[in-house]
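Below, each structure is written out as structure tokens.
Two complexes, one shared chain (chain A), two partners (chain B, chain C).
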Partner chain A sequence: MTNLAEAAPVPGVQPPARTSIRGLIAQTEIDLRLFGMLVVLAGILLAFNILSGGKFFQPTNMVTLAVQASGVAVIATGMVLIIVSRNIDLSVGSLVGFIAMTYALLMTDWMPHLLGMGPDFPFRWAIALGLGILLGAGFGAIQGFIIAYVGVPSFIVTLGGLLTIRGLVWYLSSGAAVSGLDPGFQLVGGGALGSIGGTMTWIVGVIGCLAIVALLINGRRQRRRYGFPVRPMWAEATLAVIGCVAVIGLAAFANNNFWPKGLAERYATQNNIPIPAGGLLIPTGFPNPIMLLLAVTLVMTFIATRRRFGRYVYAYGGNPDATELAGINTRWTILKTYVLMGVLCALAAAIAAARLNGATLDVGQSYELYVIAAAVVGGTSFAGGIGTIPGAVLGAFVMQSLAYGLSFMGVNSPGQNVVAGIVLILAVGFDTFNRRRGS
Partner chain B sequence: MTVAAGTPLVEMRNISVAFGGLHAVRDVSIDLFAGEVLGLVGGNGAGKSTLMRVLSGAQPADKGEIRVNGEVVELRNPRDAKALNIETIYQTLALADNIDAPGNLFLGRELTTRVGSLDDSSMESETRKIMGRLNPNFTRFALPVRSLSGGQRQAVAIARAVYFNARILIMDEPTAALGPAETGQVRNLVRQLKDQGIGIFLISHDIHDVFDLSDRISVMYHGRIVDTVQKDDVDPDGVLGMIILGKKPDEVTETDKAEIELRG
Partner chain C sequence: MRKRLAALATVAIMTFAACTSGGTASPTTGGGASQPAGSTAAACTVGVSWNNFQQPRWAAHDKPNIQKTVEAGGGTYIDADANLVNEQQLTDIDTLISKGAKVLILLAQSNTAILPGLKKAQDAGIPVIAYDRLIEDPGVVYITFDNVLVGKAEADAIIKKVPKGNYVLIKGDPGDPNASTFLPQGWDQAGLKDKVASGDIKILNGPDGTFTDAWKTEKAQSNMEAIIDNAVADGTKIDAILAENDSTALGVAAALTAKSYGYPPLSGQDGDPANLNNVALGRQYVDVFKNANELGKAAGALALALCAGTKPADLKLPSGLVDPAVAPAAGLGAQDFKTPNGTMVKSFILQPTPLTADTLQKAIDAQQVSKADLCKGVDAATAPAACK
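So, the complex of A and B:
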């Protein structure tokens, strides 16, 4: 569809020029901000690899890093919707702590003693997870109700939530740490057994590739059907190839991470498998928390971009009055963002509790800060209306790579905080500068 | 043109709205017939926009009754009004700047696929169709409306009101932000819609717009209707006098006239 109006560009909008590199990238319709974040992430990992003399960039390290980032990343996907709709949630860390403690107490105390579910009761781990999710949704609904219907500013409500809920954790366990979760529940946290294994990892990789190709073909067909302009064929092919190579590469990388030697040998003797010379190499593949994060990212992206609820959240962030005048039930929409957030906190709490095999009083401490930092580094704007879910996940990985890399280099935790703080300000400063120049 | 006989499309009876101690609208009654353009004029703070916000469901009335096609209706929120095919083009346009034109056009009334997901392709397709009629130069369907020109944004706001088969259209300063060519387009559109039998409330500061397009003119002053007149019975100066003084022409004294002279 060519049109005369194309020749007269609106101020501030440049039509894609075909000759420049920028123009070529524009034709692939890649999200430049997301692409830039990927480059930054790769740069950070590469820099630490060089600084550590090639020791950093090993599957074990990368898998650990990813698992450490997964909890914050899961919550960050929800924080995007909260910040996009001009609110904030400071209570996520406390809620994670509360739900983690609930999981631990459910499985060690309440289920066997109060509910009559002994250790052999089937699917105890799933029942505990389900109750945790309900609890998260409940806390979210209460805070969301006060914010959306009573009209108390979200900063205040969730600051109160941060204090109150963290205090409640102490009352739950009378100040004690609780440990000893069900083996099934522990698998949520990753580790050698809590990973999907080599074969499944390849299968996931192949499914990922097929999904990428299917999405590209479907998108093209849709646009064709309505006669809209489509991407040039070379751009489609490039996207498909890059996407597939990345997915398969990640799968191969994860499959280069093997079970610890002792565990592998025990497994071999138990199953009468001969141990080959050089040790039995059983690939772990993707850890379960990463699979959970992947699922959360896909579902949340779907909700944010393809569902009415997501559209209303963004519309509200862009112009609250207009959204109200459009006849949208904005209060209900805001309440739902907090319910969703509570559910995500329950999932992150499951990862945290499973990794610890229990809960202490300070599980999830300062999560709210890391989560907000991840969302903001990932391009979410406090002015409202702007932010993407994959961006926030990448933001979580950027922040975690810095922390992990620095600790790998022997920098202590205060030093890591100094760097994290500076990076946060630089990232947002750069972004603000870019936006101002762009508009 | 004379007023159509029969049941009015809209009757607003004894509407009052107060904000604290400020009576924005006092005991106003007004009606609108199908295929009629009613110009609503008055100075700043005269209560025009508040009165129209009542009809679009954005502002509940403290007192009064609204009938649509003779039946009493309750307008608690914009959804109620839209369900009665009352559409509004707000002075502020009421667009979500971070969302593209199709997203804004269908905001709150999205087209969805069988599984309830947003059907962006058909929304874009419908937007292309209606924009092809309203503003053929419009091509920026994938950009946030923030990056559109004033006229293009206005076109999106108008398209949104027109697309959903409005029977009653409220236009609050539809040409305030537009250049001469675009103003002409809007005027043509108003005439087209009127010919289709749509009743239109036209709020405007521009007395020429009002005289050009309206069948009747209602003048508001300090929350009250001064008078509702057939356009052919008055001239712009008479209407201007009512806007400034809040009095009907036959009540105007010599001192009042002097005051008008003074204000230009």
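So, the complex of A and C:
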């Protein structure tokens, strides 16, 4: 755990020797687990690129992959806290389905017919989103209450939730698919129009770069102030350069994804823009669901590592009895993890519904498995107390890159499932082996 | 007055006797007394065992039409819903028999698990209609839509629209024989196989297309996105998409929208309102629709005939009851049908209805979709006739 290592005063501990590569990396204090996962992800992408004869690694395809992973990744950030506090949530897929169906019915039926809010009512999509988030928090609170205060094991409560809530989805629409959401809502799902555009993407990239530098400077200052050892200057500089190159590079990469030809031409004729010889190239930039995922990841990381609630969750996961004896309201903490989970499910449901432009009976089905797999591949331990949010997000990307890559190569879903299952076991097996060796 | 009562009683007893050869009295058979005395056989109880009401079609279309037809013929309709549980369906069959059913219509949850129930009915001398799903037994009368014909209707429409070009094939769950065998057979009957062999049609996603776990819309969407990305990377254009059913077609249309790809002709089946809306919007070209109303009517009529003692081989649908465009292509009489296991059963195999933008009115007429749902978001200028 980097964070604990950062927080612990280590006077007298010598910085690791600079002689080996391992020593050099240790001096930069990079989280080796995360770094390893990035290498694995890059390896997978590279392998598919070679297998497909260079067709795979292109901005369009990577944007598709990222958007497909975003829903599961959003929920996985919450699953980390749940698993870290030695619980589980199996109901996320059903909850996503329920809230997605609620969004669809709100906008197609309930708002115009029951609430008198026609299609022209301002900010209908935002109101729907707000109601969905409240609904998710409500379901989370009910399950969290039963788990934390009544004391029923979370596996049972959320297994019950999985069945019950999926059943309720049927009652919402009698099993029928509902489609036709507000244009504003559809933008949540990405696509050419649901992206932030070229200029904004550059701005996000520059802000990201500045933020990395600011965090490094601030960290160094704080460490000086409290007398902690600081990284060598070369390590700080390397981190800043690598971080900035990565962020700006991602922005440039995303800006190499252009509007589909037909859409760009329609836009050009509507706005009387002459089409240049090479075709009108309008960069899409980062899609909205990825921006949402980015925001969720930052906020959740902040909550997990810098807020009291987050530290309680990790403390409880590390040692429940000690945490309770320390006077921490552990029940309230557990309940809150489920409320947070419900809110994240509502956000993921918005992405799923917006992408489908509606909802079907099976939206979100088996998300719980993908989400738990993402968290676990990302280094979250079922023993409790261990797991990081960026790790889970990367885990979701690793799993989805396999699914998308195999799909891209024309491998059918039974084959995709075989590979996903093997990778899950390999990842956790390798991790367990590494931890045992390390201790 | 007394004379009239006596006459009524006689009729009632006659009907009663005619209808209770199994020995159990049904409280509803008394209703038969109000029927003309001549049609005693019509005054019979038809028991229907549904495997589920979770899919909306059964309660919305099949049930009311069976009930209406049976009651119009003077019979009584009773039913039970097994809620997707095999054991429950066996219990339901017992209950229906003891409630006095003289004919059973079974929508089997599993065509093997239902066999003990079938045996019980046959031991009690009760004829059985296998409704929509085959039961492997020579004694049953099988009534359904032809799934091969559904596939043929999908591919006919698409191939007629796009005789040459790059096709994408989106199939359903790999474990479902409809997805892997029957529908693709229909596609081949419509000429897909020959056109692939002659090079007119090129399949972009492998020779067998892409299967979709559990026919999931989300899965079909992510698969289709990968296929579009692959085609764009190759610089090839997708000219047409054959999707086996509506839930997968919905995912394909969502992928096309997300990618702003435009809408190449796309097939589907089931007549789901969301998909019919897509047809009206120009996002799906054809939706092959199995008119469950007609299937229900036909089953109701056959049940009454069986009740009157007609042998399965002599069964004939009353002319004019079923829409001629839907009625079996082989004629109104019972046909022999060879099941996959080689059993011969008497069958009535109805024809599906392909719906395109031009023929959407049929969906409204069949009460498959309301005009408001069908035409949601449709631009008045380009609207199909059904939306004007």
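Note that in this section the second predicted complex is superposed on the first by the 424 of 439 C-alpha atoms of A that agree within 3 Å, B and C clash if a C-alpha of one lies under 4 Å from a C-alpha of the other, contacts with A are read in each partner's own complex, and residues count from 1 in each chain.
To be clear about the criterion, a contact is a pair of C-beta atoms (placed from the backbone, for glycine too) under 8 Å apart; a residue touches a chain by one contact, two chains touch by 3 or more.
All of these numbers come straight from a predicted model, not from anything done at the bench.
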First, second, both or neither for A:228, with chain B first and chain C second: first
Touching partner for A:175 - first (chain B), second (chain C), both, neither: second
Contacts of A:321 with chain B and chain C, given as first, second, both or neither: first
Which of chain B and chain C A:407 touches, first, second, both or neither: second
Which superposed partner A:150 touches (first chain B, second chain C, both, neither): neither
Which superposed partner A:385 touches (first chain B, second chain C, both, neither): first
Set of chain A residues, in rising order, touched by both chain B and chain C: none
Chain B contact footprint on chain A (complex, rising order): 1, 3-6, 10, 12-13, 222-223, 225-226, 228, 302, 305-308, 311-312, 314-319, 321-328, 385-386, 439
Complex contacts: residues of chain B adjacent to chain A: 56-58, 77-79, 81-82, 88, 90, 92-99, 103, 107-110, 112, 116-118, 121-122, 124-125, 128, 137-140, 143-144, 146-149, 152
Interfacial residue positions of chain A with respect to chain C in the complex: 52, 55-56, 58, 60-61, 64, 67-68, 108, 170, 174-180, 189-193, 259-260, 262-263, 352, 355-358, 360, 362-365, 403-404, 407-408, 410, 412-414, 417
Partner chain A, residues of chain C touching it in the complex: 54-56, 174, 205-206, 208, 210-214, 216-219, 221-223, 225-227, 229-230, 232-234, 246-247, 250-251, 254, 257-262, 272-275, 277-278, 376-377
